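In what comes next, subunit A is part of two complexes: it sits with subunit B in the first one and with subunit C in the second one.
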Partner chain A sequence: MALIEDNGKGRARASLPPWIQTAFLTIGSIAMTMLGLLFVTFIIGRVMPIDPVLAIVGERASQSTYDAVFLELGLDKPLIVQFAYYIWDVLHLDFGTSLLNARPVAEDIARVFPATLELATLGIFFGIVFGVPLGVVAAARKGSWIDQLARVLALVGYSMPIFWLGLMGLLIFYGILGWVGGPGRVGIFYVDVVPSVTGLILVDAALDGNWDVFKDAFSHIILPASLLGYYSLAYISRMTRSFMLEQLSAEYITTARVKGMSEWDVIWKHAFRNIRVQLITVIALSYATLLEGSVLTEIIFSWPGIGSYITTALLSADMNAVLGGTVVVGLIFILLNIFSDLLYKVFDPRAK
Partner chain B sequence: MAEQTLREWLLTDTPTSRRHAKVSAFYQGWLSFRANTMAMIGLGILLALVLIAAAAPFLAPHDPFAQDLGNRLAPLGAEGHIFGTDSLGRDILSRLIYGARITLYIVALVALIAPVVGLLMGTVSGYVGGWVDIVLMRITDIFLAFPRLVLALAFVAALGAGIENAVIAISLTAWPPYARIARAETLTIRSSDYISAIQLQGAGGLRIITKHIWPLCISSLIVRVTLDMAGIILAAAGLGFLGLGAQPPSPEWGAMISEGRRFILDHWWVATMPGLAIFTVSLAFNLLGDGLRDVLDPKAGE
Partner chain C sequence: MNTFAKLLTGAAIGLAVSVTSFSAMAETPANMLVIAHRIDDVTTIDPAESFEFAGSDISRNVYNRLVSLDPNDLAAGYKPDLAESWDVSDDGKTITFTMREGVTFHSGNPVTAEDAAFSLQRAVILNKTPAFILTQFGFTPENAAETIRADGNKLMITTDKRYATSFILNCLTATIGAVVDKETVMANEVDGDMGNEWLKTNSAGSGPYKLDSWKPNESVTLSSNPDYYGGAPTMERVIVRHVIESASQRLLLERGDIDIARNLNPEDVAGASQVDGVKIEDELKGRLMYLALNQKHPELSKPEVRQAFKYLIDYEGMRDSFLKGQYTIHQNFLPATYLGASEENPFSYNIEKAKELLAAAGVENLEVEIGVREAQERIEIGQSFQNAAAQAGIKVNITVGTAKQILARYRARELDVYLGAWGPDYPDPQTNAGTFAFNPDNSDAAQATGLLAWRNSWDTGGLTEKVEAAVVENDREARIQMYQDIQAEFRETSPFVIMFQQIEQSALRDNVTDWSTGQAVTSAAYWQVTK
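Moving on to the complex of A and B:
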């Protein structure tokens, strides 16, 4: 892929400085991918249903209602024109109105998104804090019990259905031990107690200085966040380990050891320093999958985020909401993907 | 033929025929695979799964659909119901056994669709090159950048819930990595001398791709598919859990968890048992995939 881009653009813009070429390529690639995403959601929403009008008005609508919706959707126009209209709408953040509550989908998404963001961010935080050191130690002590532990943790993480692990977590830590709060973001007594400034309930509670709410919210988020954290830990620790192994077998490490450098310094000041860029790209990818992976977790924990929103909409056949949610999650996913790609290209001289 | 000589025949370094060489290579691969205990455990679990699915009517102690409302939510170890019963009094063990069929059905369908699509896209792209390559790889990249589960959700939403639609949705989001792998393999194979030799003999593109490039892409694809199977099972179970895959009263494992979820605090086993089944099978695929990778594609390991 990189090869083709270089060939194609290298000829056309030979005179431009390389960073401008990279910028053009990146913007072009983002635009192409997003256009592709919109094309797919367009197909799903407009072409695949046998009759998109019927899906909206229902079977009992009168012919005049049917016709009105038919024209409103622009279904009398050619598909390519419909697609252009669709792109135009999305560019204006207009995902249509929800068929369920008649509110604009974009507004709904803006309302539920902070909950997902809060959950995924705390999750990736756990994943980094535990996953990176675990991977480093597993590489430094290859074959030791820590290495085995890291391997088993990752293997189990790759094989366990997240919604089931969530249920088990609820059963054990909430049902039996009572250590954490149950489903939902806060207990019923704390709902809407603090004013919503950022939409992130932990931040809002801290801003308000209401530590009771903070504690309660924390007891609710800790379980789903650790769960998501575990899944990113599985991935991050594996990747960290293989990056570190690659570094530790390099000759400069042998040189450093021969010079008498302490093992701690060899690992953290030499080898780890060289995997930072790779690590950040892995974390960005992992964050993107967490945002998406929270769909099932949110259902289990009745977490009012974008995953719950999409699935509720799905079950009530609210296509506008489903597609709006898909587009938003897709866009974030694509941006994080490209961001990690870019980071790699910019900071790792070998990638050039 | 005595066993010793058969072994010698298999391990010879001077094969006498094409088939001999093939069998011998396969046997040596099997020997190195067999040394990997974890991979053998994975293979064992999957073979057991196939047997269980095949012999389900004989193994299952009860009819998986037979309701017995007087005996609902019976606990583990209850009389006649080792794994207890669900909210309609159906035997959980029997449902798990029949559920193995559904799991295998999904796995087999996805394993048939996604890699074939990927192989087609990748080899054509790599062999033909030029604009075809650019366009096909662009499409692949675009699909690769999508969030898979959410996209599968949207597909099922449009197609309607059901096991076949879930399979289509999963396959539609699963093929891009295979296309990438197949293309990379094709690019290295395309420039090799033996391909030029066949070209000089007058073989056409179709023949070269199907007879000379595909066979060489297969082994890396198999490894990747096996490793992906765990994820595919989890995705299918997730769709089932959301009520978008297999429909009730089908004993699909994900749907069973979703059913048991309502009673999780008081009757934990209803949701726990199917979860353990999913975990075991996807773990087995992961173990097998790791082992296969070491045998077929040693470079990819650490």
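Moving on to the complex of A and C:
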């Protein structure tokens, strides 16, 4: 009891406004999460059986060349010292230079991340636009053909390897029908045609008013985005269906129906309104997963995104690039979490 | 929400329908060459440092050298490039090059003997991985200013002893022999790095192409140099797109969105070869696949056992199955197309013969460990060998590991048997002779990790001296014969079981002519290509 009173006094002494306390807690939480993430990634990078020096100098290098690069990378220093140096640099927004392509990692990420952002955003757009209504209708018409169709679509989405589906999509829609552009972000005619302002080709083309490039870029992004959208759709529609079924079996829905409310209003104005908060979490997680970059999709479609960037860096022991990419992906997860927390407060009166 | 949902649905349907309005892509323009290739091995494009395949492709087209290889006539060997002619001093140690007049860099600066001297000195002083190609002639950072010097229109290089002129000139055709624009490079020098950081991602050459952009893991774009002394290339623009997946490369080629696909797997090569408008071209590359037997192992060091292993390889079976189209049988350390390369392949798959040899050596119940790097084709070769060896009574334990794990043990002379690949470093027979058949000090203390003979603890007998003699022989025919003799002896006595030589299969649109990946001796060239 005494302790509780002491704590109360302590709070009174601090007398910080609640929003400042929340901001401090949030920033502290982000900092600790990022530190932990960097530490784990750093340690994994150092213990994995790839020699970063050999990756740079090659098998033929003389011992003196090898030793010189070993020292240049600071690998002679204790692990904790190396980590401390790295954290110091990151605090100064310096992710270092890629060991393998000699460019600043920040520059690399600024180049590859927009490609993933563009693809993931369009993908999640498709996932939401088709997945949410499908899940709602499947729940409202439980057992109907639409429900069965939704199940089949979700099952295929869950179980079909994206590699195979991507190749089949390319073969049919690009190879045979010629409806869409092939691998790559734009066709060869449009490489470097519009100035890179945001790194998002669709946006840059629109800003430049170059609609030929826009159409070409859209023809290239539509297939991989649809593919990612389909995988999101599979997840979002199943979760939507599940949330809706729970709501539709609640007593307040029965009451609404007894009162003679239209089925449309029952579903969209009552049941759906109450699943929005849960859906936000599902969509945010789905979007975050897409923003990590889908390595296989990026490989098949020659999409220079962050997924293949981090993977290539990891396999080549380019730890600066791996750590830089990890920071970005970690930040995305954290920011999306904060964003969904904020939306909770908008949609859920209890959270206000 | 109701209206919002309807709007979103309408927008999505609209987008989906609009996709169908896109028409098929056109073919590549007549003055543009588009290549799909894996370029994720490019780590730097500074010719003093670049030592990877895709990076060498860029250098070959962006830079000139003193002497170079003609992609349309690689068999002819080196030809004058920036050096119009050369003379060799009486003692054979100094070569004086006379520079070609009127050649300019992409910057507009004239190419001079001073630029050539600077380029070679710079490569020696920076001492990056490929520097050994030059330093093997006795050039050091300390003596570079005296041994490599310019005087007016002449460039003189003085080696530490007499070498075959062809050996030196062949080495100068390598990437590290590229001549860079001294003024441009030094204008970008930072902390005495001789422009290394800048040149890693930029170019300063005089070659047929200028580098427009290199986006790592994405693309390389080159544009033709209208002032190229050899005449502006027909292909005014070259785009190399990084496409990892073989099936994606094939689709791009078949749709006409690229002209050349360089990384098709055997299935896609077979498929593409059936398509109208597509042709397949094979070129022998320098990579050799081999087994090496550690001579510290008491049983593996017996001559009969070394011989027996050479009969335990199902050469034809592998070539015709999982290596189909990608490797050909080759049992000599000099890749075919190299000066002096032997085409003798005397060993065949013969379990009974191997058993006889093992019995003659008094070997029974032999058990060995073979180290294999985690690459599918190598693992499959290892498994094939394991199966054959089992039939001859040898138990083979395969250890699969990463490059660090396996190479570290190989370089430390710890593996019984190593299954690996080796590619030549420069287009002279010394490149492979000097590592497979040369080992002047076989002691552990020598730590000659760069020599394959040393890694396998093999005292080469008289071959080391024969290699030394061949490298200073100036008579071309005599030199060829010397390498033929060395290879014949090597085949019989060495602990190396050389099995296969790589083939690169390029799939091209059928209007592409004069394509060259550079065979085993050099890199791909674009300037001679026409469509």
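Note that in this section the second predicted complex is superposed on the first by the 261 of 352 C-alpha atoms of A that agree within 3 Å, B and C clash if a C-alpha of one lies under 4 Å from a C-alpha of the other, contacts with A are read in each partner's own complex, and residues count from 1 in each chain.
In the analysis below, a contact is a pair of C-beta atoms (placed from the backbone, for glycine too) under 8 Å apart; a residue touches a chain by one contact, two chains touch by 3 or more.
What you see is a predicted model, and the numbers here were worked out from it, not measured in a lab.
When the two complexes are overlaid on their common chain A, residue A:Gly199 makes contact with neither subunit B nor subunit C.
With both structures placed on the common chain, the touch criterion links A:Pro104 to neither subunit B nor subunit C. By the touch criterion defined above, A:Ile310 lies against subunit B but remains apart from subunit C after alignment on the C-alpha atoms of chain A. Once the two complexes are overlaid on the shared chain, A:Gly187 sits against subunit C while remaining clear of subunit B. By the touch criterion defined above, A:Ile299 lies against subunit B and subunit C together after alignment on the C-alpha atoms of chain A.
In the superposition on chain A, A:Leu170 contacts both subunit B and subunit C.
Look at A:Gly74: by the touch rule set out above, it reaches neither subunit B nor subunit C. 49, 167, 170-171, 175, 299-300 are the residues of subunit A that lie in the contact sets of both subunit B and subunit C, per the superposition on chain A.
Within the complex, the subunit A residues that touch subunit B are 1, 4, 8, 29, 32-33, 36-37, 40-41, 44-45, 48-49, 155-156, 158-165, 167-168, 170-171, 175, 241-242, 245, 288-289, 291-293, 295-296, 299-300, 310-311, 314-315, 317, 319, 322-323, 325-326, 329-330, 333-334, 337-338. Against subunit C, the residues of subunit A that register as touching in their complex are 49-51, 54, 56-65, 68, 98, 100-103, 108, 111, 125-126, 128-130, 132-133, 167, 170-171, 174-175, 178-184, 187-189, 191-192, 215, 219, 222, 226, 264, 268-269, 272-273, 299-302, 304, 308-309, 312.
Residues 133-134, 137-139, 141-143, 145-151, 153-159, 230-231, 234, 237-238, 241-244, 254, 257, 261, 264-265, 268, 271-272, 274-275, 278-279, 282-283, 285-287, 302 of subunit B are the ones that touch subunit A when the two sit in their complex.
Per the touch definition, subunit C reaches subunit A in the complex via residues 1-2, 5, 8-9, 11-12, 15-16, 19-20, 22-26, 28-29, 32, 34, 40, 42-44, 51-52, 127-132, 197, 200-201, 212-213, 215-219, 221, 239, 241-245, 247-248, 251-252, 254-255, 257, 401-405, 407-408, 425, 447, 449-450.
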